[in-house]
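The letters A, B and C name the chains in turn, as written, and every chain counts its residues from 1.
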Amino acid sequence: MRRYILRRLGFALVSLFLLSVTIFFFVRVTGDPAVLLTEPGASQADLDAIRQQFGLDQPLWVQYGSFLAHLLRGDFGQSFYYRTDVLELYLSRLPASLLLAAVAMAFSLVIGLPTGIVAAVRVNGWWDSAGKIFALLGLSMPSFWVGLLMILFFSVYLGWLPSSGSGTPLHVLMPAFALGWYFAAAHMRLTRSSMLEVLGSEYVKLARLKGLPEALVIAKHAFKNALIPVLTLAGINLVLMVNVAVVVETVFAWPGVGRLLYEGIAFRDFPVVQATVLLGGVMIVTVNLVVDVLYAMIDPRIRYE
Amino acid sequence: MSLLLDVRGLSTHYVSARGTRVTRAVDQVSFALGEGETLGIVGESGSGKTTLALSLLRLLPPAARIVAGEVRFEGDDLLRKPAAQMRRIRGKRIAMILQDPMASLNPLFTIGDQVAEPIRVHEGASRGSAWVRARELLRAVRIAAPELRVREYPHQMSGGMRQRIVGAIAISCEPRLLIADEPTTSLDVTIQAQYLNLLRDLQRARHLAMIFITHNLGIVAKMCDRVAVMYAGRMVEAGPIRKIFNAPAHPYTKALLESIPRLGDGRERLIAIDGQPPDPANPPAGCPFHPRCPRVLDRCRQEAPPEVAVGEGQTARCWLAGDRR
Amino acid sequence: MTGSRAAGLTLAWRFAAFRSEGFPLLPTLILLTLALVAIFANAIAPYNPEVGVLGERFRPPAWQAGGSAEHVLGTDHLGRDVLSRLIFGARVSMVVGFTAVIVAGLLGTVLGILSGYLGGWVDQVIMRITDTWLALPALTFAIFLAAIVGPSEMNIVIILAAVYWTRYARVIRGEVLSLKERDFVRLAIVAGCDKRTIMRRHILPNVLNSAIVLATLMLGVVIVTEASLSFLGVGVPPPKPAWGLMLADGKKGLMAGYWWLTVLPGCCIVLMVLAANLLGDWLRVKLDPQLRQL
């Protein structure tokens, strides 16, 4: 078990390294870093000064070295707009995004898991057909459009829910729903197909042959096995949610890191953009690692690889 | 010897999703089994052997339906029992072993848990006593160090061990009848003989009746008292093993026996049966074997032969068989 | 050679599949209609989508009070005709969507084949890049790139292709790895074919199925991403009518109840994505049941 964890940790570190290289590459090589790293509206003199400061005339690998050194020290640059340390800014916005993602994930699982299980157990029945339609719609409707529709309906027409900002539990309902909608459909689909596969497996057949009550067969033998791929996906999706919430947070003016990214591009605040993307990637790699370890704890086969 | 299992006219059909194609997977099958007897069911893939077994236990996939017949087990017709009662019979009075032992065991639970489970469900035993029984059962199927094994997981065992564990699960509640569906097909040849001996010893010790499904006539010869031959869902011949092997009444049985190569018989080429097994959804008219039969008559092409008696305890479905008497 | 026979079988099978039952007629018709609308936009659209009459701002659709037959689907905040913008928006979505999917597909398939078949350091390099890029969510990555190179229709296509080729590469590589073990490839090696020929004549036709299925499924995703980018202002730049952009503009009128500026463009997006997804699902089942995990 320990060896497994160490191996996964190693992979994660390599990924993080490559991530930093990728970000660095795109900024320094494909764009004009001087322009990007300066405030909008800078003069030629300012640009030259920036070039000096960041050592942009030095060989690439030297630049990368200093870039990495800054990152490891936690220095992700300064925001032009907010005039504060970008890392601080990011961390201050992160809790809001995590809250949104958590509620959205809860929503998606509460809807997705039972629907998927029932659809599989009563395959081809009424519930299954309704579920298929729901899944199709969920996967085809952009989350931000769902959000806009909800605002139209619940804020403009009905006046029940606030259309922007945060602060009360009412504020989180619509954005979480909009964000979770797509994932509910994805989770439902995966639960259904995973459950179907498990229900058709030999060990479920044997469980029935043993004369076990159907409820026990489903709850004990089928459920745990079927859940494995779904939970893996859910774990990865949680972090994905934090990152793709950009549009939903923008629609609802929710003060998370997604909105921060939007502000970064709206105000041409490049350090913010760069840091958000980089930190998002870091989060994903970390969570993948955690999910892999948890996976090993549930499924004994993995530990002995 | 009283009749443990008496099957009459069992027919199971598969209906395609649109209700258009009907496949007669099991067609008018009748046979009987006494206590402690072993019946072998032989046939090629697609002949309906597994469907027959699953029909007895009423564990068919949703597309299949038992359309006719009686399955009398210990006097009661299983086909008329309510689902709850049927469930109590499965695993407790009738047990079944499947072909692939790796797939049969749930990878997430320990061996002990899976062996103890039917005991706990059927007999209401406590966890402690069920696990004690589980260890005894593992010993009975000749697994060494059962105290260690109960805590391990299926993927840590070899194929032969897994199949024994499946066997232990099967006998855990002292059933009267054991159905074994190709239990040795996925085992190494060297392990097969060991496993078959184990099954036979278990059978003798517990006075178990067995239905042994296989495509291997050699195993049938070794293990079974009686044998039934299936072709295209029909039971084309059945009877005591000596009689069938020495004087097969049905041309298919004869061809099967002849195709087994024997050392020293002077043959240079393997004898195979001409043609292909029929498409179960579209069987030939009349007798399903007629396109491949070396002794086909005109009548065979039009009418399916009924079951006729051919000597003591032997039956066959062949127009020629009736005439032989 | 067996390889090309396999390719021939695949082609024939693909053709036969199209004529069999279960074919998603409606989605395909929808996509074809959208394509036709996109091609003939100039002829179909009643007005110039980029020019508006300020006196005609925020007109509701014809069936509502205040609407008129002149602007069947109403006008936006600059007085531009919604119907015309939707029609030209179809062109933008189709062009951007299809081009991005095709370019990503070509790039991803080629790299996937090279990576899977050649193995070694080529494989390692390509796979490391793929894994890293896959760790970044597509939307975030696209926003990042757009922030660097600036938004324009051309740039968006390049960015989308750059972000999504990794999905193809991963899947295709997996297929190639299992194809490598198949007998007809081994036969070709034994027969002395060089690597390039094998990749071209044996591997490529057999992965085409997956590539096509993946492309159809990706179309929906790409369109939604493009809409998201346009919505955020880093996609197709104004005054070009992209549906995502229309949604961004529509938000301005949302609180005032100007629903048609939000509902209508969104419906178009959903329609196109739904059609693409249905077609992709059907293709996936028909062309290769083993691709269930896509």
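General observations
Heads up, the rule we're going with is that contacts are C-beta pairs under 8 Å (C-beta built on N, C-alpha and C of every residue); 3 or more make two chains touch, one makes a residue touch a chain.
In this text, all values refer to a predicted model and were calculated from it rather than measured experimentally.
Least step count on the touch graph, chain B to chain C: 2. Each chain gets a centre from the mean of its Cα atoms; the one farthest from the centre of chain A is B.
Centre-to-centre spacing of chain A and chain B amounts to 52 Å, using the average Cα coordinate of each chain. Separation between the centroids of chain A and chain C, computed from CA atoms only, is 22 Å.
Of all residues in chain A, none touches 2 or more other chains.
Considering their complex, residues 201-203, 205-214, 216, 221, 224-225, 298-301, 304 of chain A touch chain B. Note for the complex: chain B touches chain A at residues 57, 59, 87-92, 95-96, 98, 100, 103-108, 117-118, 121-122, 153, 155-156, 166, 169. In the complex of the two chains, the chain A residues touching chain C come out as 14-15, 18-19, 22-23, 26-27, 30-31, 36, 136-137, 139-142, 144-145, 148-149, 151-152, 155-157, 163, 193, 240, 243-244, 246-247, 250-251, 261-262, 264-266, 270, 273-274, 276-277, 280-281, 284-285, 288. Residue ranges of chain C in contact with chain A, taken from their complex: 128-129, 131-133, 135-137, 139-141, 143-149, 220, 224, 227-228, 231-234, 247, 250-251, 254-255, 257, 259, 262-263, 266, 269-270, 273-274, 277-278, 292.
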